[in-house]
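Please find the structures below.
In the two complexes below, subunit A is the common chain; its partner is subunit B in one and subunit C in the other.
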Partner chain A sequence: MASGSARKAGMRLSSLLSGSLASGIKSQTAAASPWSSSTGAAGELGPFGSRFASSQAVRNRMKSVKSIQKITKAMKMVAASKLRGVVSKTEKSRGLWQPFIALLGDHPGVDAKKVSILTVSTDRGLCGGINSTAVKYSKALLKLSSGPDKEVSYIIVGDKARAILQRDSKQSIALTVTETQKISISFTQASMIVDEIVKDLDFDVVRVMYNKFNSVVQFLPTVTTILSPETLIRESESGKLGDLDAYEVEGAEMKSEVLQNLSEFQFASVLYNAFLENACSEQGARMSAMDSSTRNATEMLDKLTLSYNRSRQATITTELIEIISGAAALEASN
Partner chain B sequence: MSAAAGSGGAAPFWRAAGMTYVSYANTCAALVRNCLKEPFKTQALTREQVHYKISKWSDGVPEKSVVRETTPS
Partner chain C sequence: MVILPATTGQMGVLPGHVPTIAELKPGVLSVHEGGQVKTQYFVSSGFAFIHANSVTDVIAIEAVPLDKFDPEEVKKGLADCTQKLNAATTDLERAQAQIGIEVHGALTSALGV
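And now, the complex of A and B:
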């Protein structure tokens, strides 16, 4: 009963409040009664100045857009400064794998039973589409390499590709590596990872899939094929290998030993380069993504400011009209 | 490689010990870095710092991930 009467009183009050007596009634209710709070919470009783509620919402929105714009701008700056450091490192690291192409040639179309696809991605997001590109190409590679008597597995570097690939092809994941960029990317790190992969997994061919850094706005999805020692020997016997035979093997070592060492070293240097290229592409993509989002925020802010000012102007105009017409009515009655 | 050649025609000793070529090369590199004089030594040793997390998967389920955080020396 009590609550029912309170509600009725509340309704009456709200109808009163919407009139021009608002401030006087409001102080009365605050002083007098236990039901003033409940009616306030129900939202029937707009707070003082509720007429401007929508413009207040717009103002809040503008504030949040402004701070988002600041954040994205800062992220862009950070990415740009990180990119500068990693680009020079990457360009130097390209000299590591290029001799291997000259010596052994590139064999993207080699036929093998056990294929591992090594997808290199980033640990963090907000860097454009480079991770989804890497995953897309890896999936295509998986389809190309799979067949009736073939085993294909993923080795995933980076959290982002893992998050995508574990959704639909978690059966094929063999190994995941993350947090490679926490300290810095070094050759020691790449070789330790290669060491573990070589010892743990049995493969004939590894296809390393990464985004090669071309410029800040362009990344080339790249596949590098690394043959296992056995495959390398087989290819070399059938004469498909580059000009390795032009070189003389020193000491008493067997050719197979040399090829095994070469294969492992090639894997390590390709992986090192892939990590760096990926880091480069990540920072570049983040830079351009943050740049465009800053631009979008500016645009949005402009629009919001315009509509806010317009509605404010409209309110002022309405108020003026009300006051003037009220005054005119009073004068007329007098 | 001269050490390997010195051990005769058989597989080099590090291969027999179950090392891969990269781990052998890195061990050698660490030894060389430790021979440097001081201002260059600490500089070079930062290149040995390693941190990554690795986890094996079997049947679509990740096993417990292991953090590898070492400075192999």
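And now, the complex of A and C:
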């Protein structure tokens, strides 16, 4: 009746309520007057008494949160299945670089003039903090390795690190490689990349920075040091490289030729392993990121549903009260 | 004892061998135990490190057990590569064909075809 026509006109009901009903209604909010603040009831659903615009807004919000929940849940499953595929490949590839360490040892503290930092990162996002961790450590490594008459540069693998490093260290970037996972990661791909690097860049030491896969929830930022052939010879002659000199060399006529092949092979093996480990870390990080995202979406949806129901029930109660008091007023006047 | 296909020829390694870094060429790696051939792998190329503690690390780009090869395919591959070498015009093509002949040749002699 009266309320019906007002509804059709889209008028705010607060003006209708302000008369005889306001005193009888136990308001859930402590607002001094029904239209005092635009945020009204608990700051969520629009002015007290307005009915339809805000409930529509909440319903839209609920729909979008529900679809986000579904999407992130699906992404988590996809990441889990991809992880299963890469983990066994990664564990097998660890045996590739271990003999090199047995032979040459690990020398992260070697002092060199031309240092390159190879950062392995992902192409796609939504994978937690692994890319920012890798970049943070790479920047620190660059700072550590730089000094007077030292040349330091970045070799970047992956779009995400490139985006971050291009912003402030554009001049130090020597080479960028992207879309390594488009066709699957293979040793051939790693050796091709090594070919390009060795052709274009003259380096003494390369420090490969990647996220090593320890378990689904733990990724360790790792640095592997690779020495160029000249650095290898220099270090072995100064006795720091264990007993590389004690080894007879069967192969080419010159020891330096064999050492060059050795260094490039080591670089390719380490890079292959680094790509695989980073891919595993990416999938694992994405799994946990999407999992927490799904949980947050569920929580948000629960809260929204509760408040939506509350407001819906309050609206219905208000309407009922109007009708009843209208009828009572009519009767009383008779 | 292990026989490695080094670039300087077949190399036998016994316990107590001098520490060596050996570059490998495509060939057969055979493991002998008690005078008998235990396993044979075809190795595409790589390195072998013989350490002072009688541990040998073999790092190969590809290593396949010998029984996984099909003799007919190998013969065909050798014929193809020989043909490619004859038809090669650039140095790159010639080098690629020669590598193919070396690998297939080693395979055929390993398989005994």
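Here is the rule we use: the second predicted complex is superposed on the first by the 276 of 334 C-alpha atoms of A that agree within 3 Å, B and C clash if a C-alpha of one lies under 4 Å from a C-alpha of the other, contacts with A are read in each partner's own complex, and residues count from 1 in each chain.
In this text, contacts are C-beta pairs under 8 Å (C-beta built on N, C-alpha and C of every residue); 3 or more make two chains touch, one makes a residue touch a chain.
As the structure is a computational prediction, the values presented were derived from the model and not from experiment.
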Practice task
Please work out whether A:M62 is in contact with subunit B alone, subunit C alone, both, or neither, and reply first, second, both or neither.
Solution key: neither
Exercise for the section: Identify the partner contact of A:Q260: answer first if only subunit B is touched, second if only subunit C is, both if each is, neither if none is. Expected result: first
Practice task
Using the superposition on chain A described above, determine whether A:Y247 touches subunit B (first), subunit C (second), both, or neither.
Solution key: second
Practice task
For A:M300, decide between first (touching subunit B), second (touching subunit C), both and neither.
Solution key: neither
Practice task
With the two complexes superposed on chain A, say which partner A:P99 touches: subunit B (first), subunit C (second), both, or neither.
Solution key: second
Practice task
Would you sort A:E179 into first (subunit B), second (subunit C), both or neither based on which partner it touches?
Solution key: first
Exercise for the section: Applying the touch criterion given at the start, work out whether A:V78 contacts subunit B, subunit C, both or neither, answering first, second, both or neither. Expected result: neither
Practice task
Would you sort A:V87 into first (subunit B), second (subunit C), both or neither based on which partner it touches?
Solution key: neither
Exercise for the section: Mind telling me which of the two, subunit B or subunit C, contacts the most residues of subunit A? Expected result: B
Handout entry: Contacts on subunit A seen with subunit B and repeated with subunit C across the two complexes
Key = 187, 250-252, 261, 265
Practice task
Would you tell me which residues of subunit A are touching subunit C in their complex?
Solution key: 96, 98-100, 102-103, 187, 243, 246-252, 258, 261-262, 265, 269
Completion exercise
In their shared complex, subunit A is touched by residues of subunit B numbered 1-2, 4-5, 8-9, 11-12, 15, 20-23, 25-26, 29, 46-57, 59-62, 65, 67-68, 72
Problem - subunit C - residues contacting subunit A, complex - result: 6-8, 11, 18-23, 46-47, 49, 51-52, 55, 57, 59, 61
Completion exercise
The residues of subunit A that touch subunit B in their complex are 166, 170-171, 173-180, 182-184, 186-189, 191-196, 198-200, 250-253, 257, 260-261, 264-265, 267-268
